[in-house]
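Chain lettering (A, B, C, D, E and F) follows the sequence in which the chains are written, and residue indices restart at 1 in each chain.
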Amino acid sequence: MKKLVLTGAAGRLGSYLREPLTRMCDELVSTDIVADIGKLYDGESYVQADLTDLAAMEAIVKDATMVVHFGAIGDEAPWDDILRSNIIGAYNVWEAAYRQGVKRVVYASSVHAVGMHLKTDTIGLDAPHRPDTYYGLAKCFAEDLASLYWDKRGIESVCMRIFSCAQATNARSIGTWLSYDDLIHLVERSIDSAVVGFTKVWGLSNNDRAVVDNSKAGHLGFRPKDNAEQFAKDVFAKTPPLDNKDLANLCIGGPFATVELGNSGVAALGVVNDKKTT
Amino acid sequence: MKKLVLTGAAGRLGSYLREPLTRMCDELVSTDIVADIGKLYDGESYVQADLTDLAAMEAIVKDATMVVHFGAIGDEAPWDDILRSNIIGAYNVWEAAYRQGVKRVVYASSVHAVGMHLKTDTIGLDAPHRPDTYYGLAKCFAEDLASLYWDKRGIESVCMRIFSCAQATNARSIGTWLSYDDLIHLVERSIDSAVVGFTKVWGLSNNDRAVVDNSKAGHLGFRPKDNAEQFAKDVFAKTPPLDNKDLANLCIGGPFATVELGNSGVAALGVVNDKKTT
Amino acid sequence: MKKLVLTGAAGRLGSYLREPLTRMCDELVSTDIVADIGKLYDGESYVQADLTDLAAMEAIVKDATMVVHFGAIGDEAPWDDILRSNIIGAYNVWEAAYRQGVKRVVYASSVHAVGMHLKTDTIGLDAPHRPDTYYGLAKCFAEDLASLYWDKRGIESVCMRIFSCAQATNARSIGTWLSYDDLIHLVERSIDSAVVGFTKVWGLSNNDRAVVDNSKAGHLGFRPKDNAEQFAKDVFAKTPPLDNKDLANLCIGGPFATVELGNSGVAALGVVNDKKTT
Amino acid sequence: MKKLVLTGAAGRLGSYLREPLTRMCDELVSTDIVADIGKLYDGESYVQADLTDLAAMEAIVKDATMVVHFGAIGDEAPWDDILRSNIIGAYNVWEAAYRQGVKRVVYASSVHAVGMHLKTDTIGLDAPHRPDTYYGLAKCFAEDLASLYWDKRGIESVCMRIFSCAQATNARSIGTWLSYDDLIHLVERSIDSAVVGFTKVWGLSNNDRAVVDNSKAGHLGFRPKDNAEQFAKDVFAKTPPLDNKDLANLCIGGPFATVELGNSGVAALGVVNDKKTT
Amino acid sequence: MKKLVLTGAAGRLGSYLREPLTRMCDELVSTDIVADIGKLYDGESYVQADLTDLAAMEAIVKDATMVVHFGAIGDEAPWDDILRSNIIGAYNVWEAAYRQGVKRVVYASSVHAVGMHLKTDTIGLDAPHRPDTYYGLAKCFAEDLASLYWDKRGIESVCMRIFSCAQATNARSIGTWLSYDDLIHLVERSIDSAVVGFTKVWGLSNNDRAVVDNSKAGHLGFRPKDNAEQFAKDVFAKTPPLDNKDLANLCIGGPFATVELGNSGVAALGVVNDKKTT
Amino acid sequence: MKKLVLTGAAGRLGSYLREPLTRMCDELVSTDIVADIGKLYDGESYVQADLTDLAAMEAIVKDATMVVHFGAIGDEAPWDDILRSNIIGAYNVWEAAYRQGVKRVVYASSVHAVGMHLKTDTIGLDAPHRPDTYYGLAKCFAEDLASLYWDKRGIESVCMRIFSCAQATNARSIGTWLSYDDLIHLVERSIDSAVVGFTKVWGLSNNDRAVVDNSKAGHLGFRPKDNAEQFAKDVFAKTPPLDNKDLANLCIGGPFATVELGNSGVAALGVVNDKKTT
């Protein structure tokens, strides 16, 4: 691949992806809203841009083969912020990709698109959307947008529904952890798969207590290696009994299932899914 | 019911609903973006407002029990227009409803939220979103929004996926027609059902050749009476053989399945689903 | 058919069935725990018996072709009562049938075997058991017993999951009503069908707002004629707004979904499903 | 439609279709293996031909828009006969249609393609093939052939799984009857539907006791009017009790479920599905 | 966990669990109907009690956090015995748990709740009940009871459907074996999972030829390590050809699928699932 | 096992099986249409025969316990060839097996029976037939034949849907590879399983990017060990970007999805599934 674009490159997860992505292309163009992302890797360049600026996005994705789209607010936020960064931003990425002949968008979707489903249902990829927040609602929007651009315009997408990509420090994450290595593996498979059409895939590690079923994404070849069970004993020892009437404990969205719409879920989560990037 | 609000009251379908709705409440507040909707019915008042103005929407729905939400661009349109009227507009309606304690939103969703599904699949209400246009994408968004407001805030919604509510003058409409009487019946049931939670329902008449299966919405009691078969012979006589490789003939979204994104589908459809209202 | 047995003949629903059943056989043996059921119909005889007495049941079903089993406590009740009348009683009926070579048991099962399912899900006959009371739990037991006796001993059963067979006087019953005529029709089809194996069927009328889907019981030919919609306007006019967070309004079991286990649901229901018979 | 071809025109069911089909086209070409089918209807011509002769079939379907394919052995028969008439014959019809640019094949498939399924399962159109005879096996073959010609060559097909199209004189037929009028209606809808792709549909009347579920063929608009229930009382009165361990009574294929492979099922059925035509 | 109760502690499987369970709590109270279970482990005490004595059960579970319920007749038995130990006994355990504020019941359910399903169907956890014996029927009852107590009273349950927890010495067990280590692992996960609601899980090892699919119990994190394939060659060498028309070989319940109701299946099984404990 | 028969023994895959099969029986009778297959293994004898000769097949399978049926044209071919070798040949094998009391047929079915399904759907074994060629159509036929002989005559079958059993040298094969070792393992399990009834199973290795889901064949115990991922980097490096509108890249049948019916797919595949044997 000649050119690859990474949005949200200054974000927590984006930062982890920069170096691995340089090894998958001749030229990685990283972009984010901040002025500077520090020292660049070999083959990487940085362009400051706002996702809400379609013209800027077009310029950035010109001649690229794929876009790895991680740029967005990475937490629950007020509607206007989600609208601007996560909804309009998503539109701009797919539309820019279309206008510039980009082949594929690899997208950081989220469990929160379906966060109100019960943990005890072990849902598959065919479960209906059931967002838990504005943040999750925007993920639903982007997935449907990706479906539309595939059906109508032939732009491929992989919607990676990322779970808890952070230190596994609470009881929920023993089931929902995605290690950094497995995240990188997932992104690599989303890029190197020959044909993906419109693909959804759960982004979580090979945890003993995985709360979802990835069997409908077999073709993508995502085979995570890590397993949060290694942290279980320590985490459970520090965890007080959980209230089993609390939706935050019953739903796969975790604390987002009960957080007030528009309010940050960070404190409740005890972990940041991704810091704000755009 | 004391007070009911109708958005999009100046629109083609909204206009049909005004009189029947006055009979279901003490006070019908009709609203649209136009200055005037002509002679009012008994019990009806009119308020000019823009759906994109949240404060205005809040003022209108104050003390209402339900909102019948038909206000939106009723056709494929450029993204910026869909974003403003159909996405932000939808958010404003549900958010205003929440802030003012409104119990339920009865929403004019559309077949175009799932328009890329094949006609020969006779899908049920559990089929995944598969929009055919920006117009359909916005319907997907509003349905997920409705799901979110029910799960998180207890606002009920009925998402009526309206098909071809217009004269049945082409071959597709023999399967997809929704008569005006059946539309009114559907809206009435969406209002008088005691508890609806988050309900989706196909909005089409009792056509012999109905292309979808409503059996998962039994509780709503929608029992359409009309049947487009009465028009079949005449319509088919005037219809040249259809190209069975053309997605417009294969997909339930009809011409929207092939219309260029952002361009009006009206000419292709040969029928207006609804004229622009907001 | 030469001989048919009706249990629970003194009960509310059993009483309605006596006369119609005499027309389907040469000899109807009605039985219940009471001393006397009044004037008998042509071809009917009465035997007082306790369902918990296996020997008595054996004597009654001797030479019968089928048993129509309505005998049981027809409401939520303390566990010990349900155990005796509805669980042990059911065992005795199937076991007596087996010992005496009876071909089929037509059983008054109930919606309460699955009463905790959501009304808005319009479940089919393949939904899992989800009882709402001890009463419903005993229905689950009897259905599984019927399955066992078919698989292991070739005794056929029809499990009629009866909904609200009483005057339709509350909002729930507009969706769940089973008219007396439709009950009789259902029992007739359960008897005259040539081969039924182990069949489950929803027992409710052809209500516009029917909350379940009978399409998996097509072979039985139950085609109800009545429709509670005729009562809807009057009933709704008298019904205050229902609390849509109350499981009694959300679940198909209605008030049984919230009644305390072991306590009668009668007051809450405002209608008796069946009075106590055994 | 200018030209329509009917194979098996001398057969029992084919004979019924000749006159109605003349009303759906300018020119009906009837064909069968016999020398003569008697007096012709207006617009009908007859060509004697053997289905196993591809060149002859090509000549017959030249310039036709559709083929209504009823030509085949209409009963269980020795393998070599089924192979020749029903398998090779089917291949020749679709291949001839392809070579001559015919748009659609309307095919007399049969319940016997799935005859080993249980009557009490009320299967839908998505149930897997489960043939009960060589006859049924050939129907499976032709359905898969139809699927192949649609996917690879764009030839449309409607596979009508005909049940008991004959006098309803036995207990099974109360559930499986297809009246002649409903057969004609089904063929008409299979012809006049604008786009059908590869469509399967159950061919049975609106019987109370219909043993299958047609809800996945909604787009075809088959709405049968007749109901075998009118014969039920008389038929049941003459029917001795059926053995409920006998697969002939348990399976939707009826006597074909137990007939020895290669032997005629006619005697067992008490009714001829169709007499031999080719 | 402060206090844990084990019923059936003198039984074959219960005996294996005593020592591991002491390591999961401060205080293990073992109970069974026998006078004495021999030498106790550190942290273990023993209380003789009859499961049919609700007051005794209440006293035992007082202040316990969870109950591991293995007490029951562990084989097919006459109805009256099953009724007393396995049905009434189960009721007493859940009711005592409820009255004393116990959080969770970990229950030894069994494959025999669904034993009549075909081995070649590889059913999932959503397959309907299909018991093969009175023993299996009582397991169905207890599972429905567990569902009821979760829905109505918030008592959690894990229903472990144990297969062949014994030496793998016959052909069936190569597919159905549950090693003792994997049993312990399963019980541990059923205890240490933070929230389980009403969970069902298949209890069998990681056998190559596992006859069921556990993918709907992902959240529980049961990852068995053992594999009966190590015994396959030896066992098959000693196994005569099996009759493939025999339900004992076709159904996942094995010999229980053909054992006479009420008669012990032990001889047929060649292995005791559990000896009688209550 | 005393005697085992292998058809297609001179074919590419058959050749690989000869030696392993000799270790599973006392006497292996290999057969094919060629005069000679070279040096025989211990316990192996060779009989030249044509699959289209039923009498010859009967003679060969006499006294055999099972037939491993690999004899057929192993590629797309003209209809008449497929008819003779793959359809009539299959009939002869099952019919000969029936006449001679053979217990089981282990059959080399193929992905091409369902080759038109989308790669991104990760279908299970319950997906409907959807052949991509005459070759695949004949596989459909044989699977339905196997179903028929099990249901009606008690002959067991395992239909192994073999994918790409050859060097993994193109992008598709990274997902569809079946190593020779895994093929042998699959055949062994198909033989040594005690009871298989009518079983379908996907025949592909444990590839990261496996395009189908084998979870419904758990009872067979097929646990492939190899993984084509080892070849991915090299293969992808040599692969130009694939056209994602080309059905050959979208469908699991690969190039067969676009090959002209009746024309060899070999050139397109770049690999021979099996050379012609009969």
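Details
The rule is short, and it goes like this: a residue touches a chain if its C-beta (ideal position, glycine included) is under 8 Å from a C-beta of that chain, and two chains touch if they have at least 3 such contacts.
Values in this document were obtained by computation on a predicted structure and should not be read as measured data.
Chains making contact with chain B as well as with chain D: C. Legend: contact pairs of B-D compared by residue number with A-B, B-C or C-E; the interface matching in over half of them is B-C.
Centroids of chain D and chain F (each the mean of its C-alpha atoms) stand 32 Å apart.
Note: centroid distance chain A to chain E, computed from Cα atoms, is 41 Å. Multi-chain contact residues of chain E, defined as those touching 2 or more other chains: 215.
Shown are all chain pairs that touch, namely A-B, A-E, A-F, B-C, B-D, C-D, C-E, D-F, E-F. Those residues of chain D whose C-beta lies close enough to touch chain C in the complex are 118-122, 171-172, 174-175, 207-213, 215, 229, 232, 236, 239, 241-242, 244-245, 249-250. Interface of chain A with chain F (complex): residues 103, 154, 156, 189, 192-199, 215-223.
Put simply, chain E touches chain C in their complex at residues 79, 83, 87-88, 91, 95, 116, 126, 128-134, 136-137, 140-141, 144-145, 147-148, 151-153, 261.
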